[in-house]
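Presented below are the structures under discussion, each in the form of structure tokens.
The following pair of complexes shares a single chain, chain A, combined with chain B in the former and chain C in the latter.
Then we have the complex of A and B:
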């Protein structure tokens, strides 16, 4: 019996699963408030803190770039890592699992759609806050910074794919796990300050999150005078390494999940 | 017979920290290609577990199962191209998508080319009377419309074997009829298509299925055509008695000589007893028990046997009682 090739199904699945998120970006307009205005207020508040402390101008740039990447982290945690958990409750996950596609393609579709949504928020934060507070960037570093940004986002969503199956193993605790990860990561990744301030050990632990080194590298490229945590080229190598590491781990985890799910009914099947 | 589904001594045990629950206990089934086969039983009988194993979502604890000639344990990747499942009360998908978008999305998980998928969706929406809802958001659908959409999802990819798990649960009469009509029509289009339906609605199984297996507590207690199963109670007189509320009578009625089975269901404040009598003479003993109870007789009819009566005869209790444990 002939049927479409695995590659074709894989690619079509990515597009199809990204589709609800693309559509959601213009059909459900509440995101303009929740995804853009509210984070914008948070970023602006932090800028006023630095201004009140008479911090150097480049600190405003740290906050803006932190706000940009924060959008992606929140998307990974809330719309990706926990997504399988919600999909399971709704019955989507068992339909995904019994289709001749792969859960990896489903996750990649989610990542693509999620990254698109987050990009709108990130660009809004970047433009509005930079213009409002006159934050200046080194133009010569913009293109390399864009390259590092893309690598960082790839590493981040590979981590998100890993977390999606890890969160599912935790059943009802997924929500709490996401909550627990949110604030500490803000701190450890140095969203609002250079990671070097945390010292080698804490900064090293924080570097397990792809955002930490990616953000630091971007700051080094477009905000001259950023205190260096580790040399730029090593940060880039580390982010590339994280892409490979988290991609492999997410695949191993997904395969384990698929195998375990067929043994343990609770993992994928809709709870009735 | 060309076999579409076969199970051999299929067993599934769910293990929790404190206990083991046997959901399926040695199920042997042979379902022919082109059949509409019903798996009938109370909630918790093991019907859904059976379906989940056959659609490759669950592994059996022991035994074997083959669907379309493929082993559900080892050949599941190939098998997933050939089957589809629709469950009752599904709330799947994404509420902000339009009906046609959601259906398209699911078709892509099977690798269908986009344009043929869209044409097929339009055709099925038309057939199920949902064309007007094609551009409506999924979140705005009634439960009947939603279930029709779910059925379309199952049909888009032209599965060789369609699994329907309680497909009309919680639907109104009209929507349930539409779903059943579409299943019949879909089967009529191609004689090699097979439908496996689980239900606890006896009427549905009777009306829709060529053959039925009655499942209780993980075991198949009988299988055959609906008329074969009903013949098991053909020699019995089936009597329905409606009584005003009062003290428990079921056990006393079961003790009466000539009562082969009895069940009761409460409806609108009235207890509706169904009695299987091995002879009309047993009715005298029944009436003495009823009169002694002081309960008022609101109605009494003798009628033709149904699958529900066959269930009572085979299991000794009604479906509702089985569900309550």
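Then we have the complex of A and C:
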């Protein structure tokens, strides 16, 4: 009897893990509502803050683009980083660990499905808020911005894979840690204002999160007049570098922490 | 007398349970750190947004104080509303204990009030830390010796009663759904937009501004700023005196509590008829 090759199993695992997220993106109406409306309302609130301050129109664009990427960040936190934590609580993680495939393939499948799911929510935020508040973008920069966006999402989900392995170490604090990775990250990544406003040091620390430089690059491309943090081409290089860095780190970290988790029997620990 | 003691014990147990669940049995210090990070960051996001537009010109601290005080006290709504309304769904779906509480001798309102009060303990710590950090870091015009504490306390007690009332009603409405995950946060987000916490409600379009003016949260925010900042407070209702704002807060709070009671009673009857209180939900 012939066995499927390792590559085939790897690819099939990715598809199998992504599938529930593709299907789930339309099946669970509750999640459609919350995943769309939460970033949408948050974005609208920030737009009204700028309106109250009589800010120039391009600042509304800053907020809208921040709101778009916010949908992805929330997905990375709640459906990537914490996913193994939930899976462990539900007893799935031990099944994943026993299955004849790798956790890396499962994570890649989660990332693929999660990125698609978030895209549907993000597009809604982009269209609704842009139309409601009459936000205009530079059409000449849209294609390059799409390219930067794809790179940013790749880097972001690689970071998500890294965080997923780190979260294996957390017990009861996991929920709070995920909570704490929201507003502080919105602040450090400049979701609602140009990252340059944070200065070189804080902006530099924030740049460890792929969203920061990716968002700044996208803003520079489609919102003329965006204060430049670092030159556009360096931002793109940095984001590409982060894809490689976080992909490698996530694999190293996953193997190391998986081994430790097996040693300490944390793969079967219930802590939700 | 015995019945009162039993109710008091139930209330105490509910408050303790609420605290343990909201902290997920973590160490209190860790929970506090995580709880404070969010509102502090939210305040600094608004500070940077304001600085980007207005720079550091003289007189900008008054508006910064407007933003910071709104965000600091918003923790009460975030924890009280989202925490309590989600808590009811969690009690049913995750912990599967709502039916036992419902059928126990403790008054259900009292149980929920205790559960909500525990959430507010986190909010107090969070609001205090945000105010202290922001006042020192941004030189805000908040002088602890000049705060109008009676106005602050009366306004806050009224508003928190309204928040807990709304959360109870909203939480019971959530029980009508099999999966209401995230709806507590969603409700709190809507309130955030119409509460005047981070911008004056006059910025909102007509109908939203009208709805906002019927909410006790707007008058609470106004009283917080007046009591904390005195003459430095940027007023959403410049023509109203403190007494007028307080009166409006009383009226809107009473109306909110009445409405919440009606919604709660309706949702309660419906839940009992349809067997929703002990329904298995896909947690």
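To be clear about the criterion, the second predicted complex is superposed on the first by the 264 of 272 C-alpha atoms of A that agree within 3 Å, B and C clash if a C-alpha of one lies under 4 Å from a C-alpha of the other, contacts with A are read in each partner's own complex, and residues count from 1 in each chain.
One rule holds in what follows: a residue touches a chain if its C-beta (ideal position, glycine included) is under 8 Å from a C-beta of that chain, and two chains touch if they have at least 3 such contacts.
Bear in mind that the values here come from a model prediction, so they are computed numbers and not experimental data.
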First (chain B), second (chain C), both or neither touched by A:59: second
Contacts of A:231 with chain B and chain C, given as first, second, both or neither: neither
Chain B versus chain C as contact partner of A:176, first or second or both or neither: second
Contacts of A:241 with chain B and chain C, given as first, second, both or neither: neither
First (chain B), second (chain C), both or neither touched by A:17: first
First (chain B), second (chain C), both or neither touched by A:28: both
Chain B versus chain C as contact partner of A:199, first or second or both or neither: neither
Which of chain B and chain C A:51 touches, first, second, both or neither: second
Which of chain B and chain C A:97 touches, first, second, both or neither: first
Those residues of chain A which chain B touches in one complex and chain C touches in the other: 28
Chain C contact footprint on chain A (complex, rising order): 28, 30-31, 33-35, 37-38, 41-42, 44-46, 48-55, 59, 172-173, 175-177, 179-180, 182-184, 186-187, 191-194, 197-198
Touch list for chain B against partner chain A, complex: 14, 48-49, 52, 55-59, 77, 80-83, 85, 87, 90-94, 96-97, 101, 104-106, 108-112
Touching residues (chain side chain C, partner chain A) in the complex: 23-26, 30-31, 33-35, 37-39, 41-42, 44-46, 48-54, 177, 179-183, 185-186, 189-190, 192-193, 198-200, 203-204
In the complex with chain B, residue positions of chain A that touch it: 1, 3-5, 8-9, 12-13, 15-17, 19-20, 23-24, 27-28, 90-92, 94-101, 106, 261-263, 265, 268-270, 272
